[in-house]
Structures are given as C-alpha cells and as structure tokens.
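My questions all concern the structure below.
Every chain is named by a letter (A, B, C and D) in the order it is written, and numbering of its residues begins at 1.
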Amino acid sequence: MTATRFFSDNAAAVHPAVMDALAAANHVDTAYDGDGLSRSLDGAFSDLFETPCEVVWIPTGTAANSIILAHFVRPWQGILCYEEAHIEVDECGAPSFYSGGAKLMPLPGRGAKIDAAALKTRLAGIRKDVHQVQPAAISITNATEYGLSWHPEEIGAISEVAKAEGLKLHMDGARFANAVAFQGCAPADVTWRAGVDALSFGFTKNGAMMAEAIVFFGGSGGSGVRELKKRGGHLLSKGRFVAAQIRAMLKDDLWLANARAANAGAAELARACEGRLMYPVEANELFVRLTADEAARLRAAGFDFYDWGEGAARLVVSWDQDAAAVGPFAAAIAAL
Amino acid sequence: MTATRFFSDNAAAVHPAVMDALAAANHVDTAYDGDGLSRSLDGAFSDLFETPCEVVWIPTGTAANSIILAHFVRPWQGILCYEEAHIEVDECGAPSFYSGGAKLMPLPGRGAKIDAAALKTRLAGIRKDVHQVQPAAISITNATEYGLSWHPEEIGAISEVAKAEGLKLHMDGARFANAVAFQGCAPADVTWRAGVDALSFGFTKNGAMMAEAIVFFGGSGGSGVRELKKRGGHLLSKGRFVAAQIRAMLKDDLWLANARAANAGAAELARACEGRLMYPVEANELFVRLTADEAARLRAAGFDFYDWGEGAARLVVSWDQDAAAVGPFAAAIAAL
Amino acid sequence: MTATRFFSDNAAAVHPAVMDALAAANHVDTAYDGDGLSRSLDGAFSDLFETPCEVVWIPTGTAANSIILAHFVRPWQGILCYEEAHIEVDECGAPSFYSGGAKLMPLPGRGAKIDAAALKTRLAGIRKDVHQVQPAAISITNATEYGLSWHPEEIGAISEVAKAEGLKLHMDGARFANAVAFQGCAPADVTWRAGVDALSFGFTKNGAMMAEAIVFFGGSGGSGVRELKKRGGHLLSKGRFVAAQIRAMLKDDLWLANARAANAGAAELARACEGRLMYPVEANELFVRLTADEAARLRAAGFDFYDWGEGAARLVVSWDQDAAAVGPFAAAIAAL
Amino acid sequence: MTATRFFSDNAAAVHPAVMDALAAANHVDTAYDGDGLSRSLDGAFSDLFETPCEVVWIPTGTAANSIILAHFVRPWQGILCYEEAHIEVDECGAPSFYSGGAKLMPLPGRGAKIDAAALKTRLAGIRKDVHQVQPAAISITNATEYGLSWHPEEIGAISEVAKAEGLKLHMDGARFANAVAFQGCAPADVTWRAGVDALSFGFTKNGAMMAEAIVFFGGSGGSGVRELKKRGGHLLSKGRFVAAQIRAMLKDDLWLANARAANAGAAELARACEGRLMYPVEANELFVRLTADEAARLRAAGFDFYDWGEGAARLVVSWDQDAAAVGPFAAAIAAL
C-alpha cells in the first residue's frame, strides 16, 4: 500500500476499508440504484452536511461535473470557470457534451481561483441579447487546480455575484476532502453555507476505487438528473458497489483522515521546497520551480513526478503515501 | 453467493475470482488506461477471437453500445434495430445522446431477432435523399431480448445485407457468453466470421462487478473511440480495476463456465415450463405464460421474478444461482 | 402564375401581394427582428386567433416544428407522433437535432391521424422509470400527411390525453390554411380552443416565399425560444422581409383565399377520382390508386405528379393552380 | 435606397437587381435545391474562383459558418479562432450546436487577425492526449471583426500552420466582398490559393435579402454537408429564391461594385477620422475613439452609429449609403 511516486493521486491504491466494503456488498441485491446502500446516501450526506441533500453516486469526476452542469444550464447558455479549470482543459469537452453544447467561459484568476471582481467585469461585458451566450452557472474547483483551498468568505464573494445574476454555483470537489482538511472547517462551511448549489464530491483520488458523489443542496437537484446519468451510461447495474465505496469513505470520517495524511505529506515537502513554491500549499499538491537538471537528478534518485511546463514540476502526495518516502524526497529536494 | 431470486442477472453477485483480481490490482499504477492490465486487453481478446481486436473497457453495457454506435454513425444517420431492442426501449435514449441525435429505426422480428427479409424491405422503402434519415448501422442483440441465441448463418444473412448497403453491424452482447455457450461455437463464429464489426461483450451480468468490453474487429475501431469514452466520463482514473475484472473473467474461460451454469439452470426450468414457453430457451432467460394467480402462488412460495405484461413472466437464471434453488422452482412451476 | 403540374405546393409561385410586400419592406430598418413588421406579429396573430399569441417568424417549416418541439421537450424525453409524420420521416432528424436527441415515438393512425385510444395504450405501456424515454409532447399535423383535416373534437380528444399526462400538444400546420378552409371554422377552433399549445403555421406552400410562423398559445412560449432560433441560424439579419411576407398573407385573409382556391381544385379532382381515393379529400392533396400504366398515360398527356409507392399517386393542387388546368386533368383521370 | 444611418450593413436595403431576380424566379419550379438556379451555383463560383467549387446556398451567415465548421470537426474536437470572432461571441453558440459540442478555442490577435506565431504557441501547448480537446479547424474572418482585410501572405502563414497540423482552414466572409475590393486581388488569391478550404461568402450585408454561399474548395465538401443543412432546417422549399439572389449578386460583379461603394464611403470617413482610428480602415467599417460627448453631438446632428464600449464607436458604411450623406458625416466628425 506504499508508494514511491509523487506522480498523481489518480494512480493511488484503494483503501482496505473500501475493499472490505466491496466484499461486504457482494450478495444478490436489487439492481441499479434501488438497493439499500444507494438509498442510504441522501441521509448520510445530509448528516455530514447538516442540511437535506440529494445525492447521486457516479463512477467518475468528469461525469459528476458534467451532469451537474448539464442540469444547471441549457444548451445555449454558458458556464463561467477558471481558464485552466479541469472542466475546461482536461475533460475532452465532456461538460459541453452532456449539456448539449453549452459554452465554457474561461476567466483568469490567481492560483486557479476565479476573482469576484474579474467575474463581475466579465458579466458586465456580456450584452443581454440573443446573440451572446448568457451564462447560467459558475464552476469553481476546491481544492483548486493549483492546490489552493477556498476560504468560506472567498466562496461567499463568488456566490454573492452568482445570486445577483441568477447563476447556479457548482464546486468541482475532486480534492474536496483535502480542501476541507486544510481549512479545518465543517463541510457545510465551504459549500451550501457559502452559497454552493451542488458539489462533485470526489472519493476516487482519496482512497476509493471509482466513486464520486453528486451532492445537491437546497433542492437544486430534482427532475432530469437521473435521466442525465442513465443516458450517459452511468447507471451501473450493480450500483451498490459504488455506493458501498462511498459509505466506507464516510464511515468514521475516513475521507478526512486520508486527506489529512496526504496534506501532511504535502506540508512536509513544502517545507523542503521553500523558495521554489509557485503557490501556497493548501492541499496535497505542490507546484515547484525545478530546472530540468534538478528534475533529472531527483528522478535519478528514484522519485517520480509530473513536469509542469518548462522549469516547473507538480508533486502530488496521495492518501497512501508511505510516510517513510516523504522524508527522503523532502531531503533530496532540500539538498538540490 | 446463492440466490433465491429469478429476478435479474443484473442483481447477481460478483465471482470470487473477480474479487481476487480486484485485490491483486490494488497497488499504485499508471492512471486511466495506461496500466498493464488495460493494455493487455487487445492481446487477450485477439487470442480469444482468433483475429486482431481493438478493445476498450467500459463500466456499462449502455455506454458500450452507445460508444460503438456513435462511432459508426453520424448524427444525421440511423441505426436499424429490433423494435424492442435494449438500445431502443431501455437506455433512456443513450445511443441518440452519444451519437448526437442519430435515429433508431425499429424493425419487427420473431424472438427479438431482426429478419433479413424484413430488413431488406425496410431498406428498400427509404428514399435515398436528404429528407429521409439514411441508416449507417444495424444493431442486433445476442442472446436476444427474448433469450434466443443467433446461429452463425442467421447473423451472416443480416451481415450480407449490411455489407451490400454499406452498413456497419453491431452486436449487443450483454449476454454474449450465454449465447456462445448455447451455440457451443467459437466466439469468432458468431462475430467477425459472421460479419459482425463490433461487439459489446458483457461481463457484469455474468460475474463481474462493472466491466464490459468494446471489441472492434477488422480495424473498425480507431480514431474517435477513446474521445467518445473520455467525453462520456467513462475513462476511470483507476481503470486497471475494470481491466482486472475482464482479465479474471477471461482466465480459464470463467466467462464460459459461468454462462454454462446459468444456461443449465434455465434449461432445467424450461423442462418444467413446457407448454408455457413463449420462446425457445437458448440462453439464461425464460419468458413464460403465467396467470396472475399462478404468479401469486409462486411468489407466495418464495420465488421472485419479473412480470412481463399481462399473463406472462420473465425468469432469469444468474451465473451464481444456487443449483439447489432451481429444482424446487422447477417443481413449483410444474406443480401449478 | 399558372401551373400545369400537380406535383407539389412546395414548388408553387409566390403570390403577387407577397412580392409587393417585399418591395415595400425594401428600405433601411433595424436588423434581425427589431423592426416594426417583426414586432407587429404578436398583435396580428392575437387578433386572428382571438387570444394573446407569442409569434416568431422562421423561414422553414422544418425549423418551425423543430424549435417548438425542442422548446417543449428535454433531450432525454420523447415526442409522440404519427408514424409517417413529416417530422418522423422527412426532416432528416431535425427535431432530434434541435432538441439534443429527443426521441420520436411513432404511433399508427388512419389517414395520418393519431387515434386517442392508441395513444392511451401506448402511454400505458411506458414504464415510469429512468430506463424508458418518457414523452413530453405530442405532435399532430393539420391537414395531415394524407390530406385529412382535423375536426375540433378529434383534436380535443388528443389534447385531453395530453393534459392528463402533462404533455404539450404541437400542431404542424404546413397546410393549416387548407385545413381551416375545409373545416370552415375559426382558426382558434382547431388550435388553442381544442387544446393545442403551439402551432407551426405554414405560409410558404400557400403563397409566401419562405415564411412560417411559430405561434405559441396560452403562454407556452417564452424563455429559450429565441435562443433556439438564433443558435439554429434562423435569425435573418434582414428579418423584416420574412415578417412582411406573413403580414401580406394575413392581410384581407389572403391565406384563406389561397387555401380555398387550392382546396376547390382538389375537390374538383376528387370528383373525377371517385373509386380511386385512398383517403377523403379534406385539403389540397389527393392520394389515388393508379396503375403504373394509368400513371404513364396521364404523364404522356402532360400532367405531372408524385408516384406514391406502387399503384398509387399523390396529386397536389397549389394555391396558384390555373383553374383551366384542373378541368382537363379531372377529365383525363375520369377517362382512364 | 439611401441611408442616413451608419449603424449596420445588416440593416441595409436590398439591391434592385436582386429584387428583379426574385421577380424573375417567381414561377413554378422544382422544390428545394433541384431547380436550375440552385444547380448553376457550382459552375458560377467555379468560374469566379478559377477552380472547381462545391457551393451550397444558405439564408444566413451563422448557418454558413456553423455548417462548414460542423463538417470539418467532430464533436470532441476544437476550432481555433480569434477571441472576438463572430462565431465565438455573436452567434449564440451556433457552431457548437451544429457540430455537436465542438469547442471554440479563442486566440488573441491584432485587429481581429490571428497571429501565426501565437497560433503555433497555442498548438504546441496542447497535450496530444484524450483529455485535451484537439483542434481540427481554424476559422478566420475576412474582412475581420475590426474591419481589416487579410493579405494573401498573411493567410498563407496561417494555412501553413494548418496544413502542418492537419487542420482545415475556414474563412468567415460575411464581408468577403469588402475585403477583396480592398485588396484588389482575385477572389482566389485570398481563398484557396492561400490555403483556405471553405468560405462563407456573404451577400446579405452587401445587397442581397437573405443569401450566403458556402463555398468548398479542393474537394473539401461532400458527404454530410447537405444533411447538416436539411437537419438545420435550411433547405428552403422554394430554394430558387435564394439562388436567384446570389446569381444576381454575381452578375456583372455587382458584389464587387457594391463593396467598392461601401469601402469608398468608409475611406472618405477615415480621412475625417485621422487620429481617432483604432484600426486601419480596410473594408467598410471604422472603429474610432469618440467621447460620450462627441457621440452625443453627432447623434444630435442626425447621425446614428454603434457605441463600441466606452469612448469608442463603430461606423459602418453600407453598399447603399447615399454618397451625399457621407460627406456631411465626415465633416461633422472632422469638426468635433
């Protein structure tokens, strides 16, 4: 269960408790999402978020994001997002596919956070006529694509604009656990209490096998969501095996424990990377300045990671990272 | 691992060998489909089908069917299929969604088999102009929606028409294993050798957890397929766990053994249902005439199954059906 | 302005009053649909239909039908229609394109009229689950594809089912004028008063150049309609030239006069075709039994028309049919 | 036929020769695009462009652009364009609609011209994997959205990149006539000879009523184009009236004469606007710095035009601009 790579949490192992839950779910049961595990999700998330939630399990984050966005916008409308958001640059156009051609409308931002002022400027520049695509949703990522965690007030500033303009607010939470762990807040604080309408709550990177939760707050779900899921081919016939993973991740706050472990490793590496950090480290990812020569030396010493353009690298600490591997990597970076 | 229900193979358990394969795949590896297990599929299926195959794993049959069909037709074209085909009546329009609006063109047939003559008549009735939707593919299901298994020559008759008209031939093989087990032929005999261009090879109903294979024969795959999969949100980050299920099902022909077990149970029930059978039993499903009163009596005796409209029922034997449960059910039916 | 053909009203000329209206609109004006003519349509149709209407001009009937239907259904829903409806067989899948993949659900019927009883049966057969496409609209054609005109009570029977099931009712009125002329009723009687939610009111076949009106009753239009039109590329920059055609057709009930002329010609032919008629003649189209030899003799005598499969023909009388040509054709048929 | 506005060429009148051509086409003829006028377009444009062309008439520029682009890209691919291109900001997402969700990929540029170097940089930054949208086409506008005209060599630099990367090159020629008139070159020089694969050749702004030509060079058209047109609802039943407009515009190079007239007016205004011009004036549009007070004074003097954000205005000279109106406007500006 250990890992010598700092490559991607997408490549991590599955937590033993999740494997156990799969075994425990291995009996004949109702097909699709009529089983008890699937039907328990609304309640479990409502408890976690301290508010009534509507929850749909889904095997991938791409599908989670796309279904929520397709539910929130009509084909001729738009989705405001950070210009390097995962939905914009890494999902092969999935949100446009699911929504029937809605337009992603990219915005600049620091550390992959949309700025409320830039958002207002952009909105003010859109003519309210039939020729221009009118946005109907904003999507933010938490933790961001550059490893930052949103403060509740920052989200509030965005949601204030959203509400004023009648836009829905979606949060891509592929690394939501890491963000919450960093903030040390209640999950509610960075979601519905801050004005978020729906969350893609990721578990796969954080210890599950293929399990994400679409979480609707404040009644923002409803009619159409399950059709989008079925039509996309995501209604697994033995769906209880996805729900089981999620329940295992929620049990005893395993999701939080795993995220804390990953964040701790990232923090340890961050200390060794001082002066190299391109962004504050507020989750489990580091973006560091690293020359090609330095990168080669680290790789020669047995550490693997992503190059991030020229002169930079992305280091990711996974939930299952061997604590014993982090120290040597930190030392190797410090010694460069 | 036993089942008292004859409800649906969708609700069955996962085979222990598949569970073991998941455990064995639980280590850090390359994300998405770059891992060794995923990359081994082309070879494994090429061996099984005795011809070079291009294979893509996918979590659901709906996605498998839709991606193949979307690859074969353009949005303004059509897909000929049986009028009660799963793609036509049970997938919430998924093939239309994936293809960008292609039209399903339903045909009559006995036992859910399209008839080659009816197919020709339909094709002859389509004006070759821009006003009418021109078909570009035919989809057949094997075993069919009514539990029949296609003979190689029957498929050949369809594919002859397909080739003459320049149409691709797709086989929905949600229960392909059961069909092959019944025919006792090589998998090649009812696929590419009979003119099939691509197969949705189902494993989930037959012992896997969520694993189907898209199999392209004769170079019919290629550019665009992986984009359809990614865009649909089906490129799982820990994809090795899907590939592992498939490899476990292929190992020592587990897929065939499971299908034979299910078919044997169905055959045993069939003997008890003589006079009630609506269709020959050539896989693991039975469609039987049963009055509401008879159905109630069987249910009271502890047997569960699907009502199939008025005066009929569908009985499905799963791979994991307890042999000891089949006998009593057969006896109960015989005693009605 | 005369025609020796009985081929198609699609091929007819444009009425002089429409040409005059185009000339009168030929001055600089606001672009798109902001001009006075475009803005006058709501009022003009509200007068004609004796109820507040929302009206959008559009150059083709295919676009009119598709935009209304796309407005009424979501991509995963369905549209019930007659199995040979124009939207089903002659629009290259346009309604599916505009709606993002909604499913046309064909129904049988006599003379291209959906039967209310068959409609109820079909609806009862749809499982109310996420696997099956749920219809959200019914589309009927008036005059029908076989030249029949709907009686108000027949429409009422359909709309009663529609209302009970929460379905919108659309009328494809490519030959609405001919239908109203035959019934001798108020336009309201066969539309909103009988439960129709929206009408594609065709003018092109009936004397315009390229002009149809999308007419919404009872507030069924609204948000999204103009986006569908713009996104489909149908918001002409010099839109006043479409609106002008429609206003010319409405002026002094020219639409009705033209339809009456065409219907009268059809009635004259019908008398000559007694014993050959496949359907009652209730508009400007005749479907007649005609052997290949008889068809050849008529063509040799200088009359042109459509073959309608084997042993049948379609004869269409256009608004501009030379009255002097109808008599000889009638005589020629009678003499066969 | 005169205009006191400098508002938009979209609002201009229709040239008398076009009106005459409509009258001349007003007789019974084959429906859709089977008539002689429609069928004459391939030849007429092949002559004009000195190469075999495939030509499809279409009522709007939005539809022309969208159909060409949908023909060139698959739903999961992208279209590179200038960040303020009409297809990106003013067509309500039509190219995405027609293409089934293809992504517009905006690029910076001076005067609305994509820069070949910026294009290369952007292309180099796209990972060649399934996660990122891969572009399949480039779209440039000529004359550009800021009134510049492309030099053949500039187009050549773009097409060189396109060819190296296997991308199709589309030209949005809503004001193609003005661009050609300014360059004083052969139409071929700024299209296929410079590497353009398909052109949206606009006639509506330049004297037609609703008529644009989709022109494919080098065999880039073919299968699928007419289906896209029909499916979009653009196959007018009396299509000869669109073809007639185009033939009238081509006759005796009326398109060129009209464009020259408009350009001459713009040039006269440009001389009065020296010091105010934001871009060189190379067609019939001027973008000028103008304070709110100055704009108000001009309007008070009876001149109308578009505000272009704060402190700027867009002035458009139409083909039918009264020469006598240009002088006073020029004088009024000069006198500010």
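Keep this in mind: a contact is a pair of C-beta atoms (placed from the backbone, for glycine too) under 8 Å apart; a residue touches a chain by one contact, two chains touch by 3 or more.
In this text, all values refer to a predicted model and were calculated from it rather than measured experimentally.
S.K.: Look at all chain centres (mean of CA atoms) and spot the one farthest from the centre of chain D.
M.R.: Farthest chain from chain D, going by C-alpha centroids: B.
S.K.: Does A-D or C-D have the larger number of C-beta pairs in contact?
M.R.: More C-beta contacts join the chains of C-D.
S.K.: Per the centroid of Cα atoms for each chain, what is the distance between chain A and chain D, given in Å?
M.R.: One centre to the other, that is 42 Å.
S.K.: Would you kindly tell me how far, in whole Å, the mean C-alpha position of chain C lies from that of chain A?
M.R.: A distance of 50 Å separates the two centres.
S.K.: How many Å are there between the centre of chain C and the centre of chain D, using C-alpha atoms for each centre?
M.R.: Computed from C-alpha means, the inter-chain centre distance equals 34 Å.
S.K.: List, in ascending order, every residue of chain B touching at least 2 other chains.
M.R.: 75-76, 91-93, 97, 100-101, 130-131, 227, 230-231, 235
S.K.: Tell me, which parts of chain D touch chain B in their complex?
M.R.: Going by the criterion above, the answer is residues 74-76, 100-101, 130-131, 224, 226-231, 235.
S.K.: With touch defined as at the start, can you tell me which chain A residues reach chain B in the complex?
M.R.: Residues 1, 3, 5, 8, 10-14, 19, 22-23, 26-32, 58-64, 66, 91-94, 97-98, 204-205, 209-210, 227, 230-238, 241-242, 318, 320.
S.K.: Help me check something: in the complex, which residues belonging to chain A touch chain D?
M.R.: 75-76, 78, 89-93, 96-97, 100-104, 130-133
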